[in-house]
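Below are two complexes that have chain A in common, paired first with chain B and then with chain C.
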Partner chain A sequence: MIVGLGEMLELGLPLVLDGSVLLLAVIGTITGLFVGAMPGLSSVMAMAILIPLTYRLTPQQAFGLLLPAYAAGTFGGAIGALLLNIPGTGAAIMTTYDGHPMAKRGDAGYAIGLSCVYSFVGGIISAIFLAVFAPVVAYWAIRLGTREYFAVAVFGLGVISYLSPSLIKGLIGGAVGLLLATVGMDAITGVSRFTFGYAELAGGLEFVPVMIGIFGLGEIMYNIDKGTREGAYLPQRFGRMLPRLSDVKRCLPTTIRSLVVGTFIGVIPASGPTIGAVASYGLEKRIGKRRAEMGTGVPEGIVAAETANNAGTGSAIVPMITLGIPGDAVTAVLLGALMLHNLRPGPALFAQRLDVVASIFILFFLGNVLFVIFGLLGARVFVRVLKTPQRVLLPIVAALCFIGAYATRRSVFDIHILVIFGIVGFLIRKIGVAPAPLILGFILGPIVESNLRRGLITTDGSIAAFFARPVSAFLLLLTLVLLFSPGLIRLARAGFAEVQRRRTRGHRSIHNESGRE
Partner chain B sequence: MRAIVNSFTVTGTAVLILTALVAAYLRRIPFAPLRAGLGPAFFPTVTVTMLGVLGVASLVTGIACSRRQTSVNDVEPVTPRSFVTVLLVILYAVGIRHAGFLIPTGAFLFVSMVALGVPVRRAVLITVLTSTAIYVVFGLMFRMRLF
Partner chain C sequence: MRKAAIIVVALSLVAGTVLWGAGAPEEEFPTGEIDVYVGFAAGGGTDVLARRIAENMEPELGVPMVIDNRPGAGGLVAVQEVINSPPDGYTLGILLGNQFLQKHYREADAWIDPLEDVTLIGVFNMDAWGIAVPADAPYETFNEFVDYARDNPGIHVGSGPPGTLYYWTWQAVIAETGIELTIVPYDGTAQSLSAAAGEEVAAAGAGPGEAASLMDGGLVRMIGVAAEDRVDAFPDIPTFAEQGFDIVIGPWRSLVGPPDMPSDVVDTLATALENAFYSDDYQSFISEHGHGAFFRGPDDGMEFYRNEDDVFYNLMAAEGQARE
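Up next, the complex of A and B:
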């Protein structure tokens, strides 16, 4: 039976309306806004460092800290994008195009206000979508077998590799992640793999130090290496913040389009809010009423980007909580938080721990309400945050990475893992390999391996059997199309050009022959 | 020769070295037939084969791009700053192993801030404040052993 909203509210509200949970939600919101605003720090990094601190908390307290940080961090990225032309998070990249020109014109306050309000609109709609749609997906996910789970995981990896700056490097990252997931004892035979005699590796590589190393320490080292940035120039005049009614009316079609695009792109495994924002801005540039003015500082540009990226946050949680397939890097980290609390995402979570699921939905909603309040009231303070020089901030965050990695198991071995993956994270950034496919491969590794092996055993080793069921066939074919599409497009273009050349030659020869006649 | 060194050739070479090392290690892990559950070496073998193919593809792409003079994301240079950053992080980890958290954290913060150009007095002040905050939050509130 699909779980209703009323039932979830009844279960989750008493757990969430607890003083400690609400206090942690406020701390999470402020942390998210701070980290999101600061270029060089990212919401993934913040979540990675916060997760070990939640180890001794209840799931409600843990997600009370993490989910508001996620929602606020996605909006916070706009502050850096508007004032410095450097997006604080990847999801705010499209906000720079119209947000920064508007801020430079002297309307910094209005640009922040627009971003905050429309991020809130996107976030609230996506929270509702999450609460309504996730139980439906979980209900249907019970029917999925090993082959379907294998196909969904492969599809997720395919999408994130496809969306990487280079497909080959994205796939390499994903494959390395899959390989890392095989470290430790094999779940079926109990044989040790790649443990090199270390007892600490018998249970596999610990998720928290790997994640903090790749997303936290690796990024800090990369930023230090690139050269730190001094404190930012701050606008003298802040002015009006709340959107004018005329702008709200004029931006209504843009808002609706961005909500639809952001929500539906966000729900695709491994695509997340960034792609939603890029697609929404691109759509507005093609069909929007003020498409010719896009990029000059029009409200439609900010509305399209900010509504879509926050609309993608809640929907990115849907595949993570129902199938165990993260929607983006942040939800991959959230998945780690679930596992840290011994909670296995998937349909079983809805059946066994509906209280946790209901709390997650309510806390995500609360996180969106909190960031609009703190975002609007504290904008002037958060803007001042940008004045903090990176040369002070980065070493402090690096030290927090070390303590975060140590905190979960209180093990010095985890610090060694952190350092190794910090250096790996630093080096892969240097050669242009995106870290997200690597982490996704690491998380999806056990799902891919166990379902592939079980699937092959039950079908007598038939690969074709994976294409025999409609869902797995559809997803695997889609993945193949996705991975080979750049090559296919190139081939099609070359073929088309060849046909054109031949036609031109043919026309010429006919023309010449008719001329001779 | 210099033109061949780009991010794709570097990635491809690194991946092929990793593939060779993993493949050598895999010989120690048993490979079982289908009816015996495919064995623990099955999935790593599939993955490492995939990695090998991708490594070759990356290398070929890099070489093709350099021959066609196509612009590719070139590999970022490794600067002395890169070495200092990596060295500081390793020394910090070694310090934690031998002296606990508090003293190495203070030393790491001070040295890295001064290396990044923060004035010494300011660096001392920030180091003391941050170390105290870490002790209060993690040592007293979370009851972590920091020594």
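Up next, the complex of A and C:
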């Protein structure tokens, strides 16, 4: 079942090396980069704009447009996150933690360079791994079910508790997020919860306006409240963009861990790049060498988040192309694009149209190469945003937030949601609650809840069954270990010290005894 | 920053045009573009079908039909948008079969009643529902499945979210066979199918087109489709009727407008829809994709609506879940 890379290149390259495909790839990259980077505009929106354009294209042209847009959009999300503390996509939330402090120090250019290069590393390495092992990985992933989805989301929830400097405030944010996630139709019984008769709320609070409100409008109001400084939003020095060799070396363990975590979690259906980035960042904060400095603007934080989320994009494609199971909203769209061209994903596609499969992997690869080029070329332009005076910059960003909230579903209702959550975002900042735990609670809540309840139905109410499957047991135990590790380490240290003391006392007594002799 | 300014302008222009398009005065219908609201994201099954039928209506109507995706609340948001538009024929929408269930199922008053609230132009597709089982399952046919369920009452079967058609189809199976099943609602058909492939459930409800990839992969088998005849693209899957059970059920899609549309406008649109349905392009498209060809005009379509409404009302009433 393992397909040779050489054979793939041989079959796929002729399809990809076509003027129109390459041109579309460039257009897709620029669109993805731009829409992903703009605060308020999301990569889901980029896809919504591009998809109808692909209906009359050949499959290669369609994927030439969409895959680079997907890869570039996931990286582009980081730009808003680090420059303005407003992540452009859900997957970039974790990038705000170290990216924005680094930009505040005047190193925004370097932060962009790091995100760009490590997004590339994550995307490319997961793509190669998955191109070779796609069928094997997909057959493994399909065995995973409700209990594994539950476990991976619980792992993400565990991370929330140690993200914030203040445990209580982090938990408050997470709990509010979980509460907001309960709005809408109950996934198991179908009862409407907190919809107050609005049909618009039947499917739950829409993710895009909530996220843009909390991160975008909330951040803008908070900045205005702090008082407008004249001059640049953040003064910048335009130094080095490409990662320093010393940083590359220092971040090597982080890079490897993030690749593994991002790829592994990305393959689990229903998780996608966001949870991969959360898990990877959380792991670094617990076991990384520089865990104490995470959140202050260290390269490890950016590397952990960006490597993992782009590794997740590669792995989300695999279950889609091998078995027709989409991993997230964007891959669902890609699946639709395949079907539209009479290409039914599955082993038959690998057997009969390996050229198409190969061209898809090559285009994804190409997308990663393109965004690294355009990202690094554009970095100086992006950084210039920060030199814009606040009184000019903030109103523009606010306008983008409104456009983004409206444009995703073209619904005025979503603008109301945006404004309400903008105020919520402002207020939580005033009391010192960070926005990320709230949004993560909101993203993870439905996954945890519906899969727990679904799991309990399929296991006839047995909690123990959640520990009876290797992957879910591993993830749940890891969650527990990471949650309690500081306490455990302290206990272990105390115990060790106690042993030491006893031993020395013992020595002494032996010594005494021997002395008495 | 100039880029930002350009996108602001561009997007507002787009928004402006979309909002503008509706209210042109008509001399002879149609004189301007027609908006078709689709309550599901671009790229999904409903979206693709809607675009294909709309494209084939354009030559006859001589005006562009613009698909406008407004996903939300299982497609309900888009239909509500249509209902609240002027009934001039320039704003239409796609109604999916399961939106019918809202009236009987939901507790809030905000939901629509398709029998009263829309003008039907026509039904242009009906897909077959079916049952997919894990490849290693001990039952080869629907009869064996029924026997298995009799011996193991309460086995788990995967469905779509509660309140959707793919949930109530299992109730139709229960009503017809009298077996006892525990329905596990998943977020969508893809999820319940992967649960069947991973042997988390004993069976999952899905159309053959949706299960095709997993069937190719040797992970699931289909033991029946709920259509009157076998589906062209999947001639090996028997119908339930062949196996002795009267289960014919599936999602259908229709083109609708706001209530009280003038009859000449309805006639023009209905004729265009019928011709588009019988066009070679549309027919070959649906057979290639494993969709079902099914057509009802405005009048027999209402009859079809009423029948479907009764079917689901009875299923829900049997479960004690119907609302008057």
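Miscellaneous remarks
Convention: the second predicted complex is superposed on the first by the 273 of 517 C-alpha atoms of A that agree within 3 Å, B and C clash if a C-alpha of one lies under 4 Å from a C-alpha of the other, contacts with A are read in each partner's own complex, and residues count from 1 in each chain.
Please note the rule applied: a residue touches a chain if its C-beta (ideal position, glycine included) is under 8 Å from a C-beta of that chain, and two chains touch if they have at least 3 such contacts.
Since we're looking at a predicted model, the values are computed, not measured.
Applying the stated contact rule after C-alpha superposition, one finds that A:277 touches neither chain B nor chain C.
In the superposition on chain A, A:178 makes contact with chain B only, not with chain C. Within the superposed three-chain model, A:422 lies in touch with chain B and out of touch with chain C [touch as defined at top]. Residue contacts after overlaying the shared chain place A:326 against chain C, while chain B stays out of touching range. Contacts of A:411 after superposition on the shared chain: chain C is touched, whereas chain B is not.
Legend: residue contacts after superposition of the two complexes on their common chain; A:188 is shown touching both chain B and chain C.
When the two structures are aligned on the shared chain, A:336 is found in touch with chain C, with no touch to chain B.
In the superposed model, A:402 lies in contact with chain B only, and not with chain C. Within the superposed three-chain model, A:433 lies in touch with chain B and out of touch with chain C [touch as defined at top]. Of the residues of chain A, those at positions 186, 188-189, 191, 396, 399, 403, 406-407, 410, 457 touch chain B in one of the two structures and chain C in the other. Looking at the complex, you find that chain A touches chain C at residues 34, 38, 41, 47-48, 51-52, 55, 139, 142-146, 185-192, 195, 197-203, 206, 269-270, 322-326, 329, 332-337, 339-340, 342, 344-348, 384-385, 388, 396, 399-400, 403, 406-407, 409-411, 450, 454, 457-458. Taken together, the chain C residues at the contact with chain A in this complex read 1, 3-5, 7-8, 11-12, 15, 18, 41-45, 47-48, 51, 67-74, 76-77, 80, 105-111, 156, 161-163, 167, 182, 184-187, 190-191, 193-195, 197-201, 212-214, 216-219, 288-289.
Considering their complex, residues 7-8, 10-11, 14-15, 18, 22, 25, 29-30, 32, 34-35, 37-44, 46-48, 50-51, 54-55, 57-58, 61, 73, 75-76, 78-79, 81-82, 85-86, 89-90, 92-93, 96-97, 101, 105, 108-109, 112-113, 116-118, 126, 130, 134, 138, 142, 144-145 of chain B touch chain A. Chain A contributes residues 53, 56, 165-166, 168-169, 171-172, 175-176, 178-179, 182, 186, 188-189, 191, 193-194, 217, 221, 224-225, 227-228, 389, 391-392, 394-396, 398-399, 402-403, 406-407, 410, 412, 415-416, 418-419, 422-423, 426, 430-433, 448-449, 452-453, 456-457, 460-461 to its touches with chain B in the complex.
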